Structures are given as C-alpha cells and as structure tokens.
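For reference, chains read A, B, C, D, E, F, G and H in written order, and residue numbers begin at 1 within each chain.
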Amino acid sequence: MAKKVAVIMGSDSDLSVMQGAVDKLKEFGIPFVVRVISAHRTPAAAEQFASSAVEEGFGVIIAGAGKAAHLGGVLAAYTTLPVIGVPIQTSMMGGLDSLLSMVQMPSGIPVATVAVNGAANAAILAAQILAVNDSALAEKLRVFKAEMAEGVARKDASLQAQFQ
Amino acid sequence: MAKKVAVIMGSDSDLSVMQGAVDKLKEFGIPFVVRVISAHRTPAAAEQFASSAVEEGFGVIIAGAGKAAHLGGVLAAYTTLPVIGVPIQTSMMGGLDSLLSMVQMPSGIPVATVAVNGAANAAILAAQILAVNDSALAEKLRVFKAEMAEGVARKDASLQAQFQ
Amino acid sequence: MAKKVAVIMGSDSDLSVMQGAVDKLKEFGIPFVVRVISAHRTPAAAEQFASSAVEEGFGVIIAGAGKAAHLGGVLAAYTTLPVIGVPIQTSMMGGLDSLLSMVQMPSGIPVATVAVNGAANAAILAAQILAVNDSALAEKLRVFKAEMAEGVARKDASLQAQFQ
Amino acid sequence: MAKKVAVIMGSDSDLSVMQGAVDKLKEFGIPFVVRVISAHRTPAAAEQFASSAVEEGFGVIIAGAGKAAHLGGVLAAYTTLPVIGVPIQTSMMGGLDSLLSMVQMPSGIPVATVAVNGAANAAILAAQILAVNDSALAEKLRVFKAEMAEGVARKDASLQAQFQ
Amino acid sequence: MAKKVAVIMGSDSDLSVMQGAVDKLKEFGIPFVVRVISAHRTPAAAEQFASSAVEEGFGVIIAGAGKAAHLGGVLAAYTTLPVIGVPIQTSMMGGLDSLLSMVQMPSGIPVATVAVNGAANAAILAAQILAVNDSALAEKLRVFKAEMAEGVARKDASLQAQFQ
Amino acid sequence: MAKKVAVIMGSDSDLSVMQGAVDKLKEFGIPFVVRVISAHRTPAAAEQFASSAVEEGFGVIIAGAGKAAHLGGVLAAYTTLPVIGVPIQTSMMGGLDSLLSMVQMPSGIPVATVAVNGAANAAILAAQILAVNDSALAEKLRVFKAEMAEGVARKDASLQAQFQ
Amino acid sequence: MAKKVAVIMGSDSDLSVMQGAVDKLKEFGIPFVVRVISAHRTPAAAEQFASSAVEEGFGVIIAGAGKAAHLGGVLAAYTTLPVIGVPIQTSMMGGLDSLLSMVQMPSGIPVATVAVNGAANAAILAAQILAVNDSALAEKLRVFKAEMAEGVARKDASLQAQFQ
Amino acid sequence: MAKKVAVIMGSDSDLSVMQGAVDKLKEFGIPFVVRVISAHRTPAAAEQFASSAVEEGFGVIIAGAGKAAHLGGVLAAYTTLPVIGVPIQTSMMGGLDSLLSMVQMPSGIPVATVAVNGAANAAILAAQILAVNDSALAEKLRVFKAEMAEGVARKDASLQAQFQ
C-alpha cells in the first residue's frame, strides 16, 4: 500500500501557507493527512504521532512552523522517517528565525529544509522521496517537470512576441 | 528547603561555556545539578526531567544549546517552571541561529533568553528569580552588585591615574 | 501580600503591544501597575522606580522598548529583581535592533528577553517566576497550559476532519 | 539492487567537510560515489550526471557547495531524484550566502537543505530516504538513534557525577 | 552591426522590475530581446541561449532573478560574454537571498551584480560596456549623465527656494 | 554671527524624512539651508559645497541618503566640519545598507551617524554641537530635554490612571 | 579655556580599542580624561559624570562599549553635550549588536555613532566639533587631512612604480 | 591600441586581495595600471583619474575597497566607463558592509559588483567586457574556461578513484 504523507503545522494560522503542500499532494495523488500539532503546546501529541508514524503507514512527514520553529526537529527526534521542514515567513527578517531554527539541526537528526513558505516544494520533495521506489510516481514527476518547462516556454514565447 | 537550579546543556561540548553558570551558582550558594540532555537525541530524558522538575525540588531550569537550539523550548513545553536559555555561540553569524531559535518562542511558552554565551548571567537571573522570595539571597545579590560596582570604580581610578 | 508586576514601556506608542502583557496578568489575577518610563527621556524616573521596586512590593519588572532598547538594562542596573525585556518590532530587520539591545547584556546584569513583541509571554514568564513560591499560581499555569493544549487539539481535530 | 547515493562537491576543497557524508554512508553500508562537479565550471558534467542519475542506479544526490551555491539547484533541475544540499561555511556571515543560495529554491524544484557544514546529516537524511522502502536500513537507523541516545546518556551520567 | 543585449528573467512575474532595463535600453537605442528562461525549470533553454549568444550577435546578457537566484550564474557558465545580474527583491531580508546568490560567484565565473531591483542600472551598465568601443553610445551616456545632473540641480534650486 | 546648518539630501524623495531635521532646526532657531546634492549624480556640486562650507558660514552639515549612501562620506572628504549622516530607510533589511554605507567610514574621515530615518536627532545633534560654544542654545537644549521629560511624565500619569 | 574631551569606556577591556581615540586627541593637543564607567554596573557614576560634564569643562563625550552598548545613550540622557559612540567589535556579527544598540537611539536623544572600533575617528569627530569655534584646531584638522592625502599619494606612487 | 584596465584600491593594505586581479590581467595579457586612490582621503585624485580615464586609454576600472566602500561609486560618478567593484572582506559580517556600500548604487550610476574578495573575477569580468569587441581576447577566455573545466574534471577523476 502507498505510504502516506503527513502535513503537520504548528498552528492552524499556518494553513494558508501549508495549503500549498496539500494541493501538490492531491495533484500527485499521494495519500495524506493534515494535522495541527504544536512542539510546545502539545508536545505529547508530537511524540505520539512521530513515534508511531512508521507503523501508521507514513513515508514522509512535512512540518511547517514559524519563529523558533522546533516542530520539524521535535518530530525528527522521535522517528527515522525523513522530516521536511517548511519555515513560515515572519516579521523577523522575513523568516530568518524560522529558517535557522529548522535548518541548523545538530549532527544526528536532520530536517530537510525547503524555502521560507515553500510548502509546495515540500510536497514535491515528499513525492521525490516516495518516487525513489515508485516508478509510477517518478513518471508523474517527470511529467510535472515537463509541463513546468512548457509553461515557462509559453511565457517566454509570449514575452518575446510582446517586445519584438 | 531551598529550590535547586538545573544547569542543562545539549552537549558536553557546551560545558566550557556553561561552567560560567556553575561558578556563579556556587558563588551564591545555590544548590544545583548539571545535566547533559539533548532535545533531539534524548527527547525522552528531556520530557522526563522537565515533567518532574517541580516535584524534584527545582525552582529554575537553565538550558544551554547551540544552532537550532530547541532545548529550552522543549523543556519549557513540559513544565511551568521558568526556563532560562543560554544561546551558545556558533559560526553562523556568531550565534544568531542559537539566539533566534531560543528567544523567538511562540505565545504561551516563554524561554527567558540571555546573551549569547551568557551563562554567568543565566545563573544571576536564576538567583534573582529565587531571591524574589528569599531575602538572604536578595542580600547576596545586592552585595554582588555593590562589589561589581566597586570593581569598576577601582579600574576607573586606575585608568584615570594612568592617563593623567 | 502578593508581589506586584510592573509593566513599563518606553513610549505610550508601545501600549498596543504591551497590552498583551496586561491581559495575561489580569487573566492570572496578578496585581500590576502600568508605567511609561523612558530610559533616555526620563532616566531619573527609571532610576527612582527601579531603586525602590523591591520595597514597593514588586516581584518582577517587565520592560518593553524598541530600537536601541535600553529600558530593560537601565532598570536592571538599579535593582536585583528579575527584569523581563520585550523587544518591540521595528523596521530595522523586524526588530533585530531591539532584540540585540536587550538580550546582549554584559556579564553581571541580565535581562530575561522574550520574543519580539512577545508581551504575553513576558507576563507568562512573570507568572512562572512568581509561581516558584506560589502553588496556587503554579496551578493556574498548569491549567493555562492544559487549556492551550486542548485548544490546539480542537483545531487539530477540526483540520483532520476538514481534509478527510 | 540497492540504490546508490552520489556525494557531489563543487570543489575538491570541500572534501574535508563532505568527508562527513562519506563516513556516515560507509557506516550505514550504503553504496556511494564521490564526484567533483562544478555548477559553473563544468555545467555539462552536472547536466550529464543528473540527467542519467536515475538509470545509473542512484536514489539520492547529496550536493555540497559554498558561496553562490548553485550546485544543488542545477542538479535538481535535471532530475526527479531528491537532492540534498549541504551549504559549506564561508566568511560571509558564517555561510549565510551558501545557505540562502541552496534553500531559497523557487517553486517546482526543491533542494532538501541541511545545516551549514552538515554533511553527516545529509548522509543520515539520504539513509532515511532510502529506508522508506528498506526495512533493514530503517533498523540500522533505529540502532544509530539508540546508540546516539546512549552516548548522550553516558555523558550525562559522567557530568552528573562530576558536579555532585 | 550593433551588438544586442539580452534581458532574461527567471519568471514573467519579474517583468515589472525588468521593464526598467527595457526602458533604458530603448532610451539608448540599443537593440535587445526579452526572454523568460528559468535556470531550474528550463535549464536546457538557458544552456542553449547562453552557448549561442555570441554567434547570435549578443554583446551583454542581463539576468534578473529572485530568491536562490542562479540564472546569472547558469548563463555565465555557458558563455564568455559579460553577464549582469539583477537581484529581485524578496521577503527574505529585502532580497539578501537574491543578492548573495548572484554576487557570491566562485572564482572563474563572475556575474556583474547591480543593486536589488536595479534593472535600470543593469541597462546603463550594459550600455557602458558596449560603449567601450562605440563612441556614439559613449556620447549618449555622457549626455544622459549631464541631464541627470541637471535634473538634480533643478530639484536643488527648487528646494533651496522653498526653504528660503 | 551664528553658524548655519546645511541639510543636504541625495534626492528630493528624501524630503519627507529630512523635514524632521528642518522642523527641529526651526524650533531651535538655528539658521539653515536645504539642498539636494547627489554624491553620484552631481559630485561636482558636492565638492563645491563641502569645500566652501566653512567660509560660507556653516558649522555643521547634515547629510541624508539611502542605499549605498555615500553622501555623508563624500562631503566629509572635502571639509573639516562635522558631518552628520542620516541613513534613509530602504527595503534592504530596513536600511541596513544605508546605515553601514554611512557609519563604517575608514579611519581619518568620520561621519557622525544617527538612527535610520533619525532626521530630528540629526538636527538635535547639530544643535548640541553648536551649543558647545553657545550657552543660549545650550539652554534651549536643556529646556527641550525638560519638556520631553514632562511629556513622558504626563503620558506616564495618564497610563497609570487608565490601568488603576 | 579649551574644552576637554572625555573618553569613557564600559570596561577596561575596551582600552586596546579606545587607545586609538587617546592617541588622536594627544596628536591634536586636545585635553582629555579617560574613564571606566559602566552603564549597568556603575549607573550612578554615569549619571554623576554626565550631569556635571558641562560645568566640569567638557565639550564632547566619547563613549566606547560593546554588545548591548547602552553607555552612549545613558550618558546622553543626562547631558546636552554631543556624545560620540564607538561600537566595540564583538563575536555577534562583528559588532552589529554594539552598532545597533548605539545608533538606533529614539527621537530626542542622539548618539553620534562612528564605525565599529572607530575610536580614532571618534577623536577626529570630537576635534571637528570643537574646531567649529576654534580656528587653530580647524587648521590642525586641515593639516591632518593634507598629510593623510600625501600619505595615500606616496603609497600610490610606490605602487604605480612597483607594477610598471 | 588595446584599452587598459585600472586596478584601483582604497588602501595599499588591500593589495593582498587585489593582487588576484593583477595576476589574472597578466595571464590574459591585458595592459593595466595599479593605483592607490582613496575616495575619502584623496577625493581629488579620484575625480582626476576618473574624469580623464577615457582619454587616458582605459576601457574598464576595477575598484577594491572595504567597509563604507565608496571608491567604486565615486569613480563611477566621474566617468562613463564600466566600473567593477570588489568588496573587501571585513570583520562586519564578513564584508556585508563593503558589499552593500558597493552594490546598492542609486539609479543612474551602476557599479558592477563581484563577490567579496573576488578580485580575480573582477579581472575576468574586465576581460569579458574588453572581449566584446576583441575576438582574440574572447578566444583566450574560451581557452581559460576550457582549462578550468579540465582542471575540475581531473580532480573529479582523482576523487572518484580515491573513493572507489
């Protein structure tokens, strides 16, 4: 059975950003669940979720959080699954606090960090991870890439025409 | 019985910095324990320690950690005791990663953050917290402050003489 | 008699942020006063307040200020009470100026710094400090934490349902 | 047959850092190759490698580079495999240039970024990715995590004893 | 025949900024083309364009991109023409990510970087480069500089009058 | 005769900020002129102004500029008068570019830098400089300081009353 | 009688930097005193010094301090004399903490900030301030500037010769 | 006759960095002069050099400077030649002050900025600019690029062998 992806956010106020991950997972047909789990307010839920994620059938965990964004690290502490971190933009230098809190993990416990507010990329990365052993999904990614390139090519043609 | 202070560090490589806290606690005669607990490598120990810290007789927890420094936040998640964070200096902008990971805590779970490598100040802050209801300790802090002022005054006199 | 908390701001324009501290102190039933004292414009008031804060019955001082935010440090210079600093957000890298001016205190005079605009957390930290020797207040904090966790759990349940 | 991991660096001067990835991959028994490919000096080699990485049996690509660190992004442009970026420390704010050049990828082409100089974590992340469908490797990761925890616990015991 | 300038942007959403380059090139009567080429989404187009730019009659390439802004570097990898980089403003510290990703190029492959959103200056720089061997264009630049100075002088006179 | 203050800005778009200096100079009754002089677009005007500023009766020069804010340094290069720099806020980290371009002057040629957008403070500093040998102006500054303190005290009283 | 300059530092460990100011003041024949006064450890000394600085015959105050560098601001709060701030280099982004703590002063109380570790420039600025009404000192500054230019010209000639 | 390149530095202490430009210009057989000209200490020399650079036979100006690095901008103000800026590394965030002071030029006066300490790249960029109308030089650049690629390929082969 296909592994699921967990989309976890530290606060439901992060949903507008994390929706980008949800949309991409749907697009790729990857089963997923969406959760609100706070590293600081519901640490027991974080532990409980991460500890049982493998046996619950998850293959990848996406964690979106802002400021002192510990969510990715806390989940990674309790699982051997790859954890993808999405730093949420803040008013502190555009989210540098979220980014450094996620990416600067100590040796032994990585969090695979994507761009600030990069929820769509987190989902694509999750798909790439699952596609390592799923050639149908890998094919979908190839198609996605090709369509993306075609989209840029169309805009390129349009702009070339406009400035001729 | 006097409340104890816990001096917790994420790695024993932080001891050279955190020794500054130990020294000041000794100076003030405050009972303390020193622990190595990693938010990411030994999360169960972090939870276990913080959850039982009140009943174990602790009054304040000092947490020193570097990079994505989650230790303070993870401990604070499991206790109502005041948690003081000491961001450890790193090569990333002198420890801005440690500082932001500690101080930018979300609403509901504060970490009382001191300067990068400010372990001595963490111990002084712990003493100030315990002294709110301990007039003997408050008196020690007044004496400490007076001696510090006298030390500066002596250096001031010495420098004035040197440049006369 | 219960110790009071002082909520001091460098300018009344900081009130919209510092109201977050006032609200939380009310919620916990902690007596407090609100003051406008400027480290630079009314230094005598700062000295006068901090010097007599212990005998006036204060247990904790919260200081909110922005830019070259010296208020916390100036108050801490004149008292042995714990001083909590709230860096106010500015246009300079989102308040990095306020944060560094507060947190990077020299050895001997700590300021317990919370997140940029973290006024609510400053009040929670003040409550945690007072609760070290006040088991009724400690119980209120445990209830507060439990309710916060329940709030997150409700949102979690709601989001899980929404995406099923 | 087991998927291989590619450890690619932009310059052989990065080897001292990237050796950390090599060591961990050996430790986990994961087959790997080491390459020097420059996004800017040998772009054709980058394209050639990334375009054929799937059919060459690679499962994950690790890319270490410094300054305007485009290597990860350039490789990711030509493959659907997960690409892990290791920002190499520089004199520019401790490697903030490398970090931002790697992590701030545009929508569509993620690079899974780990900490500055976090080569060991890149290898662990690669192992976690391969372990999603390799229970023997997943077991190795669980053992690795347990041993790491035991190591911290030993240091904790030692430090507790030292300060008793 | 006069060399052309290429104005290339990573996304058509950058057009509002890059229009500044187009306008200045028109003003100087320099022939140009406008393209949308993405370093990551259409890497083959980037290679194809840069590899043939000399024989296609281009003298300078202007590349505008944001975030992990690799476009300039990727084009520079495939050509010996001077490549001018325009870092596009982002929410990450006002575009520091774009700036560092462009300017911090490794030895061997320079990108001539102008200010964040400095598209007009990119075009002026392109004109300066072409004018090294084109005295008519050099004369246009001298006139442009003189008119700029006159414009400032007029505003100076107006402000002096206003405050007299 | 009283020395004049020059308020110079690099662009008339800086007037909304620099008006703060004009207003304060008027308040103190200090004679002044307002100029638009660009370090880069009208360098000859900058040289001409600064070279003759002493004989034209100026005592202090205030220079407001943004981004690569060279105006203060260029003026200081041509005069021995004190030059006060006002870094204008930009989108690059809130004006860190303007600030560093002004304050980080090499040994030999200082620019007295005030806060980002601190035009009023530039005028107060100019007044302080002129007041070193002008006791009437010094008295005005004392009155200004006292009124500022009274203003804060009134707000303090008002806020104390509001929260009683 | 000639006005004196006060060279004040927050700690005698700052002397190696502040010696640069002492040397320049000697070079210009300006009378000065050197003091160690801490804004936080000896706030009463700071107040006492600044309050009486005018009547003690001082014309300018130079304040050197590091980290949360409040010394300049605290002195400025108690005097109408111009206060020059020298941010001392630290491990936090090379002294950005010291710089922002000094320069970002609130409206009403300026501190004339020079470069990080720019003690010599602080003395030159003090000389420029005193020279506004002291033509002999102004002449010394002109000579100093001319000699500096000659020094650069000599090095220029030497380098031109070397590379011919 | 071949256009010359000027290698100008703000201080002879920058020579160790700027030597990298000299070496590359020699390698390409481009005639050059080396000068020490300070934007602030010898502004007249800067003006004189830049104003006459075209008629003196220069095609490109390379300017290396640190801190408030105005040299590039000051030269660009007086010429229509392309000016390449080399920000010299400093202790302020690794040279961010130099970088921003150079790259953030206002509209109308670009400085083509390369990496911090990127003197070799400045020379390569100068060669690329001169090669726009010099096919022999363009051929040298193609050979240089090819050799660079071969150098990387050799290291790649060596490293592949080492880890086989």
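The rule is short, and it goes like this: a residue touches a chain if its C-beta (ideal position, glycine included) is under 8 Å from a C-beta of that chain, and two chains touch if they have at least 3 such contacts.
Everything quoted here is computed from the prediction, not taken from an experiment.
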item	value
Intersection of the contact lists for subunit F and subunit H	E, G
Both-way neighbours, i.e. chains that touch subunit H and touch subunit A	D, E
Superposition rotation for subunit E onto subunit F, Cα-based, multiple of 5°	90
Inter-centroid spacing, subunit F versus subunit C (mean Cα positions, whole Å)	34
Centre-of-Cα separation between subunit F and subunit B, whole angstrom	41
Distance from subunit E to subunit B - Cα centre to Cα centre, in angstrom	51
Centroid spacing, where centroids are CA-atom means, of subunit D and subunit G in whole angstrom	48
For subunit E, residues that touch 2 or more chains besides their own	11, 38, 41, 67-68, 90, 92-94, 96, 103-106, 108-109, 111, 115-116, 145, 148
Chains touching one another, given as label pairs in label order	A-B, A-C, A-D, A-E, B-C, B-D, B-G, C-F, C-G, D-E, D-H, E-F, E-H, F-G, F-H, G-H
Subunit H partner contacts - residues on subunit G that touch it in the complex	89, 93-96, 115-116, 145, 148-149, 151-153, 155-156, 158-160, 162-163
Subunit E residues within the subunit A interface of the complex	11-12, 15, 22, 32-38, 41-42, 44-45, 67-68, 90-94
Sites on subunit E touched by subunit H in the complex	3, 54, 59-60, 80-82, 84, 99, 103-116, 118, 120-122, 124-125, 128-133, 138, 141-142, 144-145, 148
Contacting residues of subunit E [partner subunit D, same complex]	10-11, 38-41, 43, 47, 66-68, 70, 73-74, 76-78, 90, 92, 96-97, 100-106, 108-109, 111
